[in-house]
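What follows is a set of notes on a single structure, which appears directly below.
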Amino acid sequence: MSQIIVENLMKTFKVAKRKPGLWNAVQGLVHREYNTVHALEGISFKLEEGELVGYIGPNGAGKSTTVKILSGILVPDSGRCEVMGKVPWKQRIDHVKNIGVVFGQRSQLWWDLPVEDSFQLLRDIYNIPHQNYKSTRDELIEILNISTLLDVPVRQLSLGQRMKCELAASLLHTPPLLFLDEPTIGLDAVSKLAVRDFIKKINKERGVTVILTTHDMDDIEALCSRVVVIGRGKILSDGTIEELRNHVSKERKLTVHMDMPIDNFSIPGARVVELEGQQISLAFNPEYISPAILISNLYEKYPVKDLFIENTPIEEIIAKLYGELRI
Amino acid sequence: MMNGIKLYFKYVSVSIQSQMQYRASFIMLTLSQFIVTFADFLGIWILFDRFGTLKQWSMAEVALFYGIVHIAFAISEGFARGFDTFSKQVKTGDFDRILLRPRSTVLQVLGLEFQLMRLGRLTQGLVVLLWAVNNLAIHWTMVKLTLILAAILGGACLFSGIFVLQATLCFWSVESLELVNMVTYGGVETAQYPLSIYSSWFRKFFIFVIPLACINYFPAMGILEKTDPLNSPIWIHYGSPLAGLIFLLLSLQVWKFGVTHYRSTGS
Amino acid sequence: MKGYISLLRLRFMLLLQYRIAAFAGVCTQLLFGFVRVMVFIAFYQSTSKVQPISYEGTITYIWLSQALLGLLPWNGDSELQTMIRTGNVAYELCRPVDIYNLWFSRAVAQRTAPTLLRAIPIFIVALLLLPGKYAMGYPHSCTSFLAWIISMFGALLLSCAITNIFNIVTLWTVAGDGITRLLPAVIILFSGMIVPLPLFPQWMQGILKYLPFSGIVDIPARFYSGHIQPSQIVSLFFIQIIWTILLILMGKWLLSRKMKLIVVQGG
């Protein structure tokens, strides 16, 4: 059976209307009006054990609502949801024993205390047997390279250092399922790579299922074999990155550097995206014209100095996807 | 259950560690708490110096009421601080983190903070109480000793219950907190004097709605073995501190309801 | 003109945002006033001795002290104090403006705005809505009323001078912390907030009159009720002003000492 089953989840919120102006503020004393926000309009998907899934969508799409429901914090209006055979919000304590959650922007560590003290408190909260705690903790410390940070109060850590400690903290009780919400936000390049490495490792070597919610497309491309896109409360796409790409556009990008500026540039089979002095960006569909032919045509016609091909960046794919649905 | 208690003590030691980091400030805080709350008692002293008696109550008797209610309040201020400042948790979304841990929400909120500085109020309450006991001709028995302890603990339960209700309000609106101060600080202000001096409808509120009388006035009647000007039956004198505990248990049920509401409507 | 109107509208909207907090604050004070009044009724009924201040005088005194609680300088400007603790105040101190005067005018705003907001509803309730036994009295006479107004003005200046002392001592971390925590209890007690000063023991009356704190709540309240003859206004206003000047000079001196240190150390 799938580790996570989500079927037709629906959730609406009532948000109080706040109208501007003095008269409306006075009216607000007596009578409150509400807007209905349809956060989730029937989302469904299944996740198997050991998957590393990216869960992306524009702000307000319903990402955090989904994560809150899956983690048991929020109760949906209707629909079915089972995580490891349990209904998250019905069996809260049993359920949260088996999940780890990291919020990029909010810490789960105790601010004034050394990191080690936070770890020990978590050990007591999760009732981790001493032997397991010791071996898990030692491993995590080694992989994440945080042994020098253990005595430091959390408030004195840099963002990158803190994030590594957060990741360790979330895995002390060895949950089979991990939710990561913007784990690389605000991190420098080195820390980002370290965090990505770590996520890949625990997924591949320990089989921890990871659900990654992020706006950072580099994270997605580096880590996720599967991407679920949500928009306006509905699932827009669910599959591999390639499938997502092809779903939206099969086009590839070709950037050419010329030896001299060209006016009146044109080449059959490709359209010009950008033309600036000696650099030209082209878009072409490899189903209509093979890259090899396009390139040889270019070399025949123009003084090409250098060129390279890349896939359409995920950002553009996603933007197109949102655009199509007028989000 | 044992496990939960052990964990709570761990939380308390962590909280104390945090507070001890600012040691000089902590001593100053505790001292100022002592002085500020003691000023209340100085006021009472000055009034008795002027007026001699308060209806049929002597100063030592009033000091008994004062001591019990201040000690009870100080205990709940120290323990239930997490509920008192709960609005912060809801505003920052930190309560979500509490829901993500496999422990009861009450245990975790209690564990947020254990305020040592409330020892200031507790000490001055104790000093006044000891002075009262010293100056009153009370015939002490095991029953009476238990009664006074029960009154203090019942009072601590009552005030903690009020803090729990205050925190539960935060699930609906983070603004309405000051109203509850009326009942806590107003309650202490009221109960430090014997309830019989107040007018009837006022008394009824503090007997039936917020049962302050049950943890302070009626037990004192039992201890002093005085005929109650309010003509209450004797069994109330000995059984009433239970009302504090019942109030707390009811408040915790309301809390559970509040948590359920929070989980269906989101933050 | 349009600018001022929109500023006024903004102010009102801001106040409405915190409507529940403001409403709750007024309710708390009404409750406290009411409890105190009931306690004093009981005390007065316990003795036939003539007291230095009449029952009606005391009740009026209590309501006035609640209504004008905003004037009581028990703390400094918390925004300023945070600035000082975080070090941001360095920017202010480098400006070519007289810092003392700047902070003094902030204190005026801090004291008058909430006082007006709370005094009006409390006056309405205590003066007009309460039954005779609990109600606040009207000013003793026209001249008493005038004397009260003048005395209130003196109280405001005095209060702001003390508030500014709180602000300035925050510049000294340890001593500042101590004073900020310990002085309020002294101020509250000796201003008459807990017990009207005339009810203090006879031997203390002389000291209390000449302490600066009586000028904030006690003296104006007793002009209002006619307990002090309007003719005394000259000498008592004089005392208020002397203290105000002394405290302003002390504040300025302390501030300039600290500034010199900062300039020497290079901030």
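As written, the chain order gives the labels A, B and C, with residue 1 at the start of each chain.
Simple rule for what comes next: contacts are C-beta pairs under 8 Å (C-beta built on N, C-alpha and C of every residue); 3 or more make two chains touch, one makes a residue touch a chain.
Owing to the predicted nature of the structure, the values given are computational and were not obtained by experimental measurement.
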For this session: Point out which chain occupies the most central position, where each centre is the mean of Cα atoms.
Result: B
For this session: Report which of A-B and B-C is connected by more C-beta pairs in contact.
Result: B-C
Seminar exercise, completed: Here the gap between chain A and chain C, centre to centre from mean Cα coordinates and rounded to Å, is 56
For this session: Express in whole angstrom the distance between the two chain centres, defined as the mean CA positions of chain A and chain B.
Result: 47
Exercise. Between chain B and chain C, what is the gap in Å from one C-alpha centre to the other?
Worked result: 29
Exercise. Which residue numbers or ranges of chain C touch two or more of the other chains?
Worked result: none
Problem set entry | chain A residues within the chain B interface of the complex | 13-14, 65, 68, 71-75, 89, 92-94, 96-97, 99, 101, 103, 106, 108, 110, 112-113, 117, 121, 124-127
Exercise. Inside the complex, what are the residues of chain B that reach chain A?
Worked result: 3, 6-7, 10-11, 14, 17-18, 21, 92-94, 96-97, 99-104, 263-266
Problem set entry | chain B residues touching chain C - in the complex, by the definition given at the top | 24-25, 28-29, 31-32, 35-36, 38-40, 42-43, 46-47, 49-55, 173, 175-179, 181-182, 185-186, 189-190, 193, 197-199, 202
Seminar exercise, completed: Touching chain B in the complex, chain C uses residues 18, 20-21, 24-25, 27-28, 31-32, 35-36, 38-39, 41-47, 49, 51, 174, 177-178, 181-182, 184-185, 188-189, 194-195, 199-201
